[in-house]
Structure formats: structure tokens, C-alpha cells
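Same chain, two partners: subunit A is paired with subunit B first, then with subunit C.
== the complex of A and B ==
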């Protein structure tokens, strides 16, 4: 393990979600592939933590394990200090009221046979609502967070909306549970640049409004810099560097991090002038 | 039972397509906004093949269900002697019992269709249930269910069919003696192909993100299967069902022709059985064996054609109109390229400069 920890500046508030020595191995007899190798990460309440790495670095696998959508091969996942690695059934659904996610592809995330309204109503059972709030009021409130109006969005099918709208509906869905942790797995990578900033700002606002802990998974170190308090850099399933955003981005210790940073397109040194 | 085997072809075909393609196939009608618009603006986008298939199947259905209501002679009515020649009153003559052949044909076709429908429903229901469970849940349950499926698949179905249908003839349960009993037996022995084909599709749908979202929304497994998996498989299941119906009609015909069918009911296969038993072929009574053969051919061909035209409808990649359009586009591009080459060199150089 060549983990270079530059941590220390981060306030040591108690971690809300923790991964302890988590490993995921795919494949059986034919040949094994270790997607995530002995990863330990702490997520601190109220912070935005970015996991950065190129395709195949295991960051999405890590996210799916944290969401308990994928079983871990070994290791532990702790939520508020409680072991949630093997919970099932109603306990797991209770976990999902606290930990929610938005995925990469805003079209694939929709069941295309459902309208937005049908999709959102489905979450009602898990929804965390304030006293005396009706179903419609709850939906209206959550759509309001992402700047959508119920009478415009509810009756629409996914193919009748733009990519940005779809992704904002997905964020609204996740917010219906009043989650404490929101995992955004490449949530902006299929959106165009202006929508991307739009969704990033929505996440930023929510974090301050609702005191959300955001886990932001991305291959784009620029977005991580824009949003995150802390950055974790993954390569081939291993964490190679982690620490406060400023330290990792402006004073990288690891070669892989340096390479990732050097690949960020720079407006001044564009290809034309080379 | 060879009529059922096209399903294996269907399965092989979809195995070759990757997940994205498979899902676009499954997505069927509702996915494509442009197609949805076209649908709203007027009619399905169906090929001529579909209309031929629909006409064939429709003709047989009309004949089987409307025909007996308007035809003057009943199927059990003795109207002549052994193999009377076709005449003005009996256009296809009489069969070995002296019954009017057209009347027997219509009632037989109705029973054959009825048999196909029941057997197709039973086989599709079992196959879809097992396939979806195995494909979605995975793990040891998938191993177990697919193990059972493969065992059932390995048992020669025709032998089981013969054994069960013989024992059914001696059963004391009334309704099992008729065409219904045979239909159930055929249904219970022909589901494995559907199960395997549906499993492949279900396991591809199970990895899609909307399933994860459904789980995160608190949906339980039965709800996910019903609302998130089955709708994506619907077009595929319809096609599998059509194949099962065709297979069941042929299976019933071959069993009945061998004399293993229901004893006191007419069907297309039973008609052929009596034609063979009473030397219709040898005595030149073509009207006794040709009509049921033709109707059988029409209905099974029509159903297979219907399946393949539905496939074309659900799977845009197979649409021949599109292929033609792509070919035309390629030709246009080639023509444009050729035109570019024949242009004076100076002009081309100028163009390159501009591009650079």
C-alpha cells in the first residue's frame, strides 16, 4: 500500500459512513479481478468528499458497495458506527432512507414505463417527511429543491425531458427520503457543461441547506476541486492519495495524482498554441 | 416438437447482442421518442410481412370461430357415405364417417387453435416465471432453476407426451380427456425454451440502473419483477408466446395423427389420423387429408411469420427499411467522394488549405 496521507487539516468530526478494508473481487474460477483492494475511507458529516480516478479504478464499485447494492468480498461498512455490511430486508430499506444515490446515466436510471409522478410516488413509503406533510406536498418540496414544478414534471415520461431535467428529477427522488448521505456516482458526466455546473450548484446548495454529506464520484478532477472539501484518489482499486482538496490538488504527492492533474485541459495552454 | 425449436434460435440471436442492444430491443415501442411521435401521427410502423401474417392467422381464426356459426352442416352430422366426392352441396365431400369435411375442418381448426392457445399460455406462464426469477435473482436459485430446466429439456418431450396422453385417455377426470388435457400436457412439457430465453433477457435487465433506483426507492423484489423487469420483457414474451402457440398446434397435430390424441374430439390432427386409418391417401380421397394439412401449414407458417414481423417491429436493427436507407446513404457518400476525386487537383488543394 503506497497510501500517501496528507490529512490533518481536516476537522476530525466523527465519520458518518466508513469503509474498512473493503475488498471486491469479481469472477470465479476463470480468473479473478480485484476491483477494489483493501480500501478504507471515512466520510465526515456535512462534508463533500470526492473520489477521483480514471475509468476502471474501482470508484463506482466502491460506491455500489457503500450503497449495499453489491455485496463486499471482505471488509466492513459502518454507518454511524454500526456495521451495515450484511443487513437485509427492512433494515436495509431503513439504511436507504439515510443513504441515497444519483447515478451516471439519467436515462438508464428511469423506468421508461413510468411517469415522473409514478416514479416519485414509489419512494413515498421510504420517504422521510415532516409532521403532517401530504404526499403531494412532499413531492412538491423535493422537486422545488432542484428547481422543478410538479405540474410541469409529474405527468412527463423520461423521454419527454431533457438530460438535465432527468438528472434533477433523480436528485429530487433521492431527496425524498431526507437522506443524510448522498452518493453522486458520475452524476454530471453525461450532462453538457452548463447543465453540469447547474447540477453541481444544486448539490452545493443542498449540502448547506439540508446538511447533507455528499460523496461525489468523478473522473474529472476539476469538478472535484469545484465542489469537494476532501479528495480521495483511486488507481486500480487502491487509494493512492487522500486529503483536503487544496492539498491534494495544489500539492500532489503521488505520481498518479500528478498525472491526473496534468491531464486537465487548460484554457491557456490549449492545443492550438502548442 | 420441432415447431418449438425456433425459440432456441431466438435465444442464440439475443445472446450475441450486447446489453445495450438487447435493452433497445426490449424497450420496444415506447423508448424512441421519434418513433412514439410517428405512432401518434398515424398507425404502427409495420412491414408488409406483418399484414401477410395477420391475414393468414386471421383467416384461420375467422374460419374456426365464425365458420361453424354460419355453415349449414354440423361437424357430427352424418350427411353422406364414406368419402363422397366433392359436390355442390358438400364442396369438399365427406370424410370416412360421412361427415361434411368443411364442417369438420372448421371445428377441428377451432379445437386446434384452442389447444395452441391454452398450451401456449401454460408454457409461457411457467417459462416466464422460472426465467424471470432465475435471471433476476441469480445465485444458487438460478443454478437450481436452470438445472431443472436443462433436465426437462434433456428429457425427450415426445416420449413424455405419448406416455401422459395415453394415461390421460384412461383418466376419470372428464375435462382432461378432451383437447384440454392434451393442451395442458403440451404446455407442461414445452416451457423450457421460453424459460432459458427469458432468463437471458431478465439477467441483462437486472443489471440496469433503473433496478438499482427501484431498490433504493424501497421497492420489494416482487414489485421490481412485476413493474421493472416484466414490462421490459413484454415484447419478447409476446414473441415467445406466438412461437409456443405454433409449436403446440403442431405438437397436438403430430400426437393426434399418431392416434394418441383425445378420442371423441375433432382436431386437425385427429382428422389426419382418420384419413390415414381409412386409406384416404390410397383411395385418392384428397379432400380428406389435404385440407387439414393446408390449414395446419397456413396457421403455423402464419404464426412464425407473425413472430418474425413482430421481431422486426420491436427490434429496429432488423428493420429492412432502415437497412435500405443506410445503404442509400452509403451510396450517396460514395458518389460524393467520387465527385470530390474527379474535381480538378487545384481545387482539391485549395479545399485542403481551407480545412487546414
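== the complex of A and C ==
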């Protein structure tokens, strides 16, 4: 996918997407609630960054702001060094092509009356995207990335696939836009462990093969540990710890991170304590 | 498991979903299991393996299109016919719900009425089961139970939206066991909770079993790490059948069925080991129960499958408390399944 790897004014190692002092407040006057409080994160090109936190930590709110699905209360979002906090119209559409998302529920994100092939063709039309490649060739290539057999998968209806396969179709759909950033918001939480690993492996391969930047939002430290290069830990809307995965998970400094880690049910570890 | 303190024994449970094509889909196929007094049995498997259906059949809440074709449940001194085919089934089963078997269904915490206080739910549940109890008696029961478990009593005066998800789940668990059922069946009680709330719920369940709030429990989930914290025994289901049962530690460390072994190796514990290896998931997807594979139902996805697995249903290999339905296990007595080699993604069929 040469179009994704070469373009963009980003030098390796520099942040492709940045949140600068981003704050989100819900409600007014009496019931004011700060979901994300002065958060700054850099997302480096070609890396997987995991945002970890319990429910209510503000990790999904942060994701929605980065996706420009939710306006920020204050702060800035920079994409390739450019301020995209308030872009609109065609500029915003271009941003949405570059920054794609896969959401939590693989059962809610499909129209049950369309086959995978029909759904993906409609997505291309919706994006109004015209490149040299024919629609079907593009679909086949992207289904190939996620380890699905194009001819089989395109003829299938959503109910004929497992959750893991659906979620891989959603990743393929995102990839058709040749994104530079893929945001996965709890994308594997609803899958069985056995299928979850397959989706995580797809994300890992895309990172290395397509140089894709992956933002992986999860409450599961095990998944973050497996996949991420860097980890950000959030609590009540604030980043309490961030750094390289090995540092944060195996040598946590913050009390909250330590508690979170000690609460994780560890298959082999918890047996020992019984 | 010594046979003298068995509290719950289910024998030959068969349950099917009727479809409008006229073909029945057998979701639970000749399942038998037993649980000793004071123990928690884990029921694990992928989505669609029939674990929730089995839970519903045992809790006697099977409603069309689900039909329990046969099955017997022995609890303490009573034997119950689980079948729902005859007209008298509902009346027969009603007597056992609540007192003998209590089900905590999936997503129960979201079913608390938003317009009623928790105490109203308590009264509804207790009086729904036993009309002779007054409102005050029901509330006294709940207050005592909450104190006993070290939980705040003021929760009874609150509404569902005032409670966190974890607290709501703990409350429905407490309420569903107010009448001290002999058997509690908890279906995915921890799945929607974050790790800290999961831990709190697990600790509460262990406490409840210890204090003999219920005689025994079945814990249904696909989450093996959670199961390893809470259960004494685990039964693994695949495509409607139980394919391996054994003591929790045995099953995790010395799996005798390739499916169990694959499930265990797909678990991502946050450890150095996970960080630096590539884990292979299970290739393919669970079979369609309307037309399950011949022989061993796992054979199309199994790394150890041989010719006989495709033809004949595997025998149950029993070794002490550990039993496994597998041809490989039969040929390799007392040997744990070797961990699968990492598989590259290209090898995975869609």
C-alpha cells in the first residue's frame, strides 16, 4: 500500500497525531463533569499506543475527540503538525480518511441485509474515493490484509460470520481508505479470547507491514501488554502514567497503575495464590 | 471429587432450538455434570458453544424456541425432570426455581427498573417466590445479608443509576441468592465489569459460598483468567458438548484436550512471556450447530486431528477427577497436550 507509507510530512519518530492540553467537560452549571482533564499525548507514526483505564476513566471520550466526533472544550488536536481541532467540510472529510476507527461492537456495526461485499462497495462510494485501482481489487487487497479469503468473505452476510471475522472485516473497511492512523476503541473486548488474538495479530502485522499508527483503547492490560509499544494509563480523565510498555507494565511507578495491575485476573498467577 | 458430597448432578441434558425451517438445532448434546457441596464449577467455551443454553436448561427457564428434550437434575434430596416438552413442565419447574436453583442471567445488572429503588426489587423478588413473607421481612432479610457480606445497607434506598456497574452487579447477585438457593447459576456475571469490580464480585461470590449462602454455584464465562480465580472445577464446552472437565489447576496447567490447550494459550496475561511471544488464536470459527462436523466436533480446527477424529465420536478418557473426550488423549495417557507452535496468520482460513 504505497500510498499510505510515503505521503505526509512526518519524519519517522515524530508524532503524527497529538493531543495538547485537551479537556472535555459535560453538563453545565450545577452538574459539571470533567471527563478528560488537560490531557496531552503524542502518537508516534508506525507505533501502537494503548490507552488503558477502567470504565469512566475518559479513554473513549479522548478517542472521540481525536476522531473529531466530539468537540473539545479546550485544548488542541494536531495532525501531522497541523491544528485540526476546528477544521470543517472537505478538510474534515480528508482528516476522516486518514484517521479511521474500529469500534467495540462487531454486531452493531453491520447492516444485516447487505453482504460484506455490498457493504464494502457502499463504503467506497460513500467516501467518494477514486484511485487507479478498481473497487473490487481494493476490497480484495484489504480483506487479504486481515487474513480473510476475499471471494468467500464478500459473499457472506454478517450473521454467517463469527465476531472475530466481523471485526476483521471492519478493520479491512477502515484500511480501504488508506488511513495513516487506525483507532481501535475496545475493538476486541467483545470477542472470545481465542478469536481476539487473531485480530490483535492483524493489527500487529499492519503496524509492521503498512507502517500504520494504531491507537488501541482498552481496559485489558493483558492486550495492551501483548500489542502496544507505548502505554498511557488514565484515571478519572487524567493521565497518571505513560511510557514504554515494558516500563509501565513491568515497573509501574504510579499507585493507580499498580492497583490496576494487581486486580487483573492472571490465569497462571492467580492459580498459584489459591 | 469424592462422590459422597455431591450436591448437584445433572444427567443427559439435551436441549434444542426450533427453527422455522423445521430443522432443530441441538445446542446442548447429552451433557452430564456434577458439583460437590460448597464448590464452584466453571463452565467455559467460545460464544455459541451452548454454555448459556445449558445454564438456562438447568435453571428451568427454557422458553420457546428453546426446548429441553430430556435431562434430569438431582439437587440434594430432590430429582427434577428438566424436560419442557409436556404441558405440566412449567408448574413442575416453578416449585424449584428460587429455592433450589437461582439463575443470575447475563446482563442482569441492566434489568433493575430505573424508577424503583433497590428495596422494591428486593421485595418483588422475595414475595414473588414466597407470598407469605411480608415486605418488612423481605427487607430485613436483605439488610442482614448485606451486613453479613460487608456491603453498605444504604444501597437499598438508592436507585439503579446511583450505583456503579460493579455495585449493581453485586446487588443483583445478592438479591438472586436471598432465598439461599441450593445452586446459583451465574451467567457471565463479570463480563461487563472492569477489573477492579470483577475482583470485588469474585471475592463476594467466594465469601457467599464460604458462608453457605448457596450450596454450590455454576459460573459461566468465556474468560478463563476470571474462572481460574473463582472455581474449583472447570468444564469446557465445545459445540454443545462438554469435552473436558477437571480441577481448575489441572485443567490450566495440564490440559488433556487440544481445544482446552488452545484456549489456555490464547489467554493474554500481562507478563514478560506474553510480551515477547506471538500467540496463535484458534484458526477457523466455531461450527454451525445445525450441521456440526462428524466425529469429534473440534477436528476441523484441531492441530492433533487424525483420520479417526473425522469419523468417530471420541471416547471419554477418565483419569481420576480429570476427564477428556479426545482420541489424542486416549493414545497419550496422562500426558498434557503440548502447546501449539506459533502459527503465522497466512495459514488462517477465513
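By definition in this document, the second predicted complex is superposed on the first by the 245 of 274 C-alpha atoms of A that agree within 3 Å, B and C clash if a C-alpha of one lies under 4 Å from a C-alpha of the other, contacts with A are read in each partner's own complex, and residues count from 1 in each chain.
We adopt the following convention: contacts are C-beta pairs under 8 Å (C-beta built on N, C-alpha and C of every residue); 3 or more make two chains touch, one makes a residue touch a chain.
Since we're looking at a predicted model, the values are computed, not measured.
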Sticking to the clash and touch definitions up top, decide whether subunit B and subunit C on subunit A clash or fit.
clash
In the overlaid three-chain picture, which partner chain does A:82 touch, first (subunit B) or second (subunit C), both, or neither?
neither
For the overlaid complexes, name the partner, subunit B or subunit C, with more touching residues on subunit A.
C
Just subunit B (first), just subunit C (second), both, or neither: which does A:101 touch?
first
Which partner does A:219 contact after superposing on A: first (subunit B), second (subunit C), both, neither?
second
Please indicate which partner A:147 is in contact with in the superposed arrangement: first for subunit B, second for subunit C, both, or neither.
second
Let me test your reading of the model: by the given contact rule, A:260 touches which partner, first (subunit B), second (subunit C), both or neither?
second
Stretches 151-159, 223-231, 313-321 or 331-339 of subunit B: which one clashes with subunit C?
331-339
So in the complex, which bits of subunit A are touching subunit C?
54-55, 147-149, 152-153, 161-165, 192-198, 200-202, 204-205, 219-226, 245-246, 249-250, 259-261, 263-271, 274
Sort out for me which residues of subunit B touch subunit A in the complex.
27, 30-33, 36, 208-210, 212-219, 227-228, 231-232
Note which residues of subunit C are touching subunit A in the complex, please.
46-47, 165, 193-196, 198-199, 202, 222-226, 228-229, 248-249, 252-253, 262-264, 266-272, 274-275, 278-282, 285-286, 345-346, 348-350
Residue numbers on subunit A that touch subunit B, as the complex places them:
64, 67, 69, 93, 96-97, 100-101, 103-105, 108-114, 119, 122-123, 125-126, 157, 159-160, 170, 173-174
